[in-house]
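Two complexes come next, and they have one chain in common, chain A, joined by chain B in the first and chain C in the second.
For the complex of A and B:
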């Protein structure tokens, strides 16, 4: 599966399958009753199967989503944490104050936090960790969202003061991606020095990454004796490993057909969580005819997305009608906007001056589900005389041709990030959507005085992009985690590829 | 020789090989031809449900999008034959020309060309084809054919060179030269007719290779893009559903197997007949 960070990237897309369960809470009840009393083995090692091996161990060094999965919250921690439920909570921060103008944040660090090497956590470590992300050489996907920082002061060992150029209500959220790394650490591409509940025991490139509990951890001890991430290049091999007991958990199932092996099987638990992964047809909104909202709306109305979702995911997955998944605070159900209606699609197309249709090239990444989705679109759009030429490209080509050079007419991609509607506020983004109203709402929402105000502005932006049919949002992936039935307590939603392992319980 | 005995020999050994090969290749060729005028459904019609099992309505079941797999198999046969024949034709055009050229050339050019063939052969055909596709702007049926043709050409070239050299060492060539025949006339009147039977057998084998390579290219997404159907892409698309809908992978796999093994059997049979007729002479 494609992940931009792997290619030294700026945005974090990938194939992390994820599912918008209607209610995260209801999804949680699908997991077996977790750890009634002491019904687990405290020193059991949990084997986690994953398709995303990190390229290196540094999340500012183009390591890919795999490193977030293995290290976020496990080996490294941030000042804040994005919980599996989508809330932002303090982690290494004891308390913080925001100045009245919203430009200055003063953070007081927790006491008694030590790095795995034994050094205590200091304000200087925090300052340098943030600067590592914003540095010129960093390829972190969060670089841009932190570029608003004017200065970082460390008045004493326990206090960090961040001054912003403009108010930024998302600062705590953005800081949840900044790993706090020991300033004294060297070579963090191949080793680590974080504050998390686990430390790295061994990384065998190409196969596995082993984490063991860190004895000096400041918080609660993990409920297991360590985790081993085992990496597969192929989903079928990964499924087989779960079937034979070589792994205990698969972090995300890539197709509904693999599930038939595990559903209704008492040896396995299948859980659906909330996903943030959206499959979309992105037009190059800069060029004709896609610069016309009527054309885009027409195409959107010509495609039966319910049928597509059924074809790809069977009974799983959700339609959201926009780019915003239910775990983002600014979600609204927009399925009725530009809904499936081939007759009005034809009429709109005629109104836009394309009564006889037109043709365009759809650059299609070569991995599942994109080629199948492309053929579906080709069939559907042929019915309104729009001729789709499918051009299969590799993930690397996608990155250079489309993401970097914007040299395309339309493309397919899955976008994995939480809270990524902001891409529609950036006219220089690859799809080039440029609506001053949306840009203003999105950039303005950062200076909002309250979370409510921010939510209101972004909900409005969400509605406008849907009415504008800025892209064609096809469906939201399901997020399905499968484990053997003796394992529980794992995260279900896996927002932003995180996979917190400390609460996993296993009965040996 | 009695009639009963001749029937026995006809269906034993080499003859059985020949007839089985002919049956397989013939069936697939007829299917491919039939697909030009008739298929049960339209290739892109999403007429069935998701991953339906083979039934009277859909003889080979349906894919994830609900398209009829038998229709795809039929069109796939057509594409496999087109690609196989065209690629072999291109491979032969390039290979035979350079092969004969090498055989006729001066020692130095001959050595250079022979080394060049050897180097190209060291690259697997599929890898060469992938390089050619990668170098072209957009994958299409044409680029796939061209890529495979180029990939096959060094093999044909090397064999042509060797066969031509054998013929060139014969006395009747010396006689032709002495009597003043120009080299084009030697090529057309003496060399081509003499190397053709062996070359033909080899080209048939190359055809099998080309069919496999086309399936591989399509499997990797480098073949002819949709809406062209291809057995290789059918395999690729069925990969994720192999447990729930095994027919989606088994049938195109069988089709590739049948065509490749069929061509090989047919070639073996032909070669044996050729040898037998030579022995009789």
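For the complex of A and C:
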């Protein structure tokens, strides 16, 4: 089994923000990793198993999600940080001020920050780092969300002033993706010069990437003697490495079958964090019959999502009833909207003029779990006389046929991002959902005067898309981290693929 | 012999040229532009155009082909679209895993297959001769990845003698761990390979055993082992050597699968990754280098065969 680089992992388009995103713990079982404060070996090297090897070391150069996992917060830092709990907090910023019109942000940088090469952090580095992301040649997925920046000024070495074209409450959130890179650094595709707690020791392509603590780090020293990311192309090989002690942690378990090896085994800790990956059936809302909300609602009601989730993940994973995961501030439990009810599904379908059902083609990506999900849907929908034709396609075809040409009736896809309800505010997005009210709420939320106002507007948008059954949201993937029991302090949620290593403790 | 060598060398170069042309065409027939795969789904048309210009995929095919050939002549395999590093450097690094893996598996397979094959032929009528040929038959039927998984299960997960996969960060600078991580992959390929090889050795030995010249040698008073070693082995070796060339190429193929099972950073995993990412320079580079390796082994096998068999040298004159 080979793991394909999933296209959706590149679906990092723009994100909206608020500062306080509290974990709504309703459906989540958070198992805090055990371990006492003093009870660890400070110079122990932690081996982390991952399936996502970066392609190069530059996050604006198509390096894939692996580079965020290895480098975000470990090797590079931003002006702000998106914590594992979903909060946005200042990192390299000491303080900042926003002008009354919300158009100008003035950031004061922290003192005493140096790059791994020894150069001090200056305002010019920050300006260049942001411009690196917005540059013409950059293939950063964050480019769009920063396109609102009109100018960046550096009145002195410690001050950066960003002027926007229109107010953007998400600016700090969006800046948490911008690595601050030394502007004197030359080849950042194959080397690094960041300000983080670790520096790159060595990277052997196809095998491993080693980070060692940086002695001149401005903040707290890591609680370990370094981390080594070991890369696997095969999930079984990765599990074997954990079983034999060759790695200490697996950042995210992708195969439900593997869990039985670790659950109820005292040598391992299995923790479920909060995921942002949503499995969904996206209709092409532009075309008949999917341009009718009644038809979409009927299909939603015909599918027993609980049974599907149970079949695929057993006791893991969550049903959310919409597109917004619990780590987004605008989450509400919407499972009751268009809940499972085959009888009313039939009635709705008849009302919409499809009493005898209809048939459609479901373009199904060829990797797990989509083919299994497609078959399940085929069975469920057959009960209301809707005939599903499954068409298996590759990830690359998905991109050209569906994402770019919008040439499809319905498709399955996993969407990995945090705060990505914004896609429903864009009528040109591949699924073509076009509700002016939602578009207005979503674009308006960006110019909101307060986080509360933004949250209120997006919660409302969330509720509307659920009532409209804009897509069929099947379930939220579980985010499962497994470690040997002598390791603790690792992040559980891995929001946006980050994996902060500095607080990991290991007993040797 | 020199004339033969030159002729053989010309054939090798021509085959390499044809192979590179075919590779170029086949890769371009794949749907999708590599620029799309590079940028991911958030890319704007302008970004894609910029990326196409950067990697040259906006040029007419003929132009791309000429550039590609020109670079090949200088043995410049280009720069990877994705990692932006030199393809040749990367292949060299990966070969440092794949070559030792394939070669040691190959020699180990010889070491197992030749004595066992001869033994199975000589004792063909005894029960253990039969058992050996049954085992080799089973060995041929077993897929290499399955044996690899069994090996991991037995020696890594249960006995904990050897690592289940991976390769040390510092490579051969960490010799103990590097060798440890090669043991199971080498064994896996060697066992599978020796099964088919053993059948060849057995078959040709059987043929030699029934031959007139061996009977004559025995009639002249040589003992069986004496006659077999002096006349039999060399005759049996000729067809085996011709198979060896093919077998060594299959070892490289086996390495692709085995590297996947054991997470080894070799050429095989580079090829698979390249295909997934539409990284044409990487795919082309790996395929051309492996074509070259296969052609070279065929070349060496031909020469070795001629050294072993004077009759072949006769014909060429």
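The definition used in the following text is that the second predicted complex is superposed on the first by the 474 of 508 C-alpha atoms of A that agree within 3 Å, B and C clash if a C-alpha of one lies under 4 Å from a C-alpha of the other, contacts with A are read in each partner's own complex, and residues count from 1 in each chain.
Following the convention adopted for this analysis, a contact is a pair of C-beta atoms (placed from the backbone, for glycine too) under 8 Å apart; a residue touches a chain by one contact, two chains touch by 3 or more.
Please read all numbers here as calculations on a predicted model, not as lab measurements.
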When the two structures are superposed on chain A, do chain B and chain C clash or fit side by side?
fit
If you stack the two complexes on chain A, which partner ends up touching A:403: first (chain B), second (chain C), both, or neither?
second
In the superposed arrangement, does A:144 touch chain B (first), chain C (second), both or neither?
second
Touching partner for A:371 - first (chain B), second (chain C), both, neither:
first
First (chain B), second (chain C), both or neither touched by A:287
neither
Touching A:254 in the superposition: chain B (first), chain C (second), both, neither?
first
Most chain A residues touched (candidates chain B, chain C):
C
Thinking of the overlay built on chain A, is A:379 touched by chain B (first), by chain C (second), by both, or by neither?
first
Contacts of A:45 with chain B and chain C, given as first, second, both or neither
neither
Please provide the least distance in Å between a C-alpha atom of chain B and a C-alpha atom of chain C in the combined superposition.
8
Same chain A residues contacting chain B and chain C, which ones?
236
Touching residues of chain B toward chain A in the complex: what are they?
44-46, 50-51, 64-66, 138-139, 220-222, 225-227, 233, 236-237, 239-245
Can you list the residues on chain A that touch chain B in the complex?
235-236, 254-255, 257-258, 260-261, 307, 310-312, 314, 361, 366, 368, 371-372, 374-376, 378-379, 382, 389-392
Mind listing the chain A positions that touch chain C in their complex?
2, 4-5, 7-8, 10-13, 55-56, 61-62, 136-137, 139, 141, 143-144, 189-190, 202, 204-208, 210, 228, 230-234, 236-238, 240-241, 243-244, 246, 396-397, 399-400, 403-404
Applying the document's contact rule, which stretches of chain C touch chain A when the two form their complex?
31-32, 36-43, 46-47, 50-51, 54, 82-85, 90, 93-94, 149, 152, 156-157, 160, 163-171, 260-266, 269-270, 272-273, 276-278
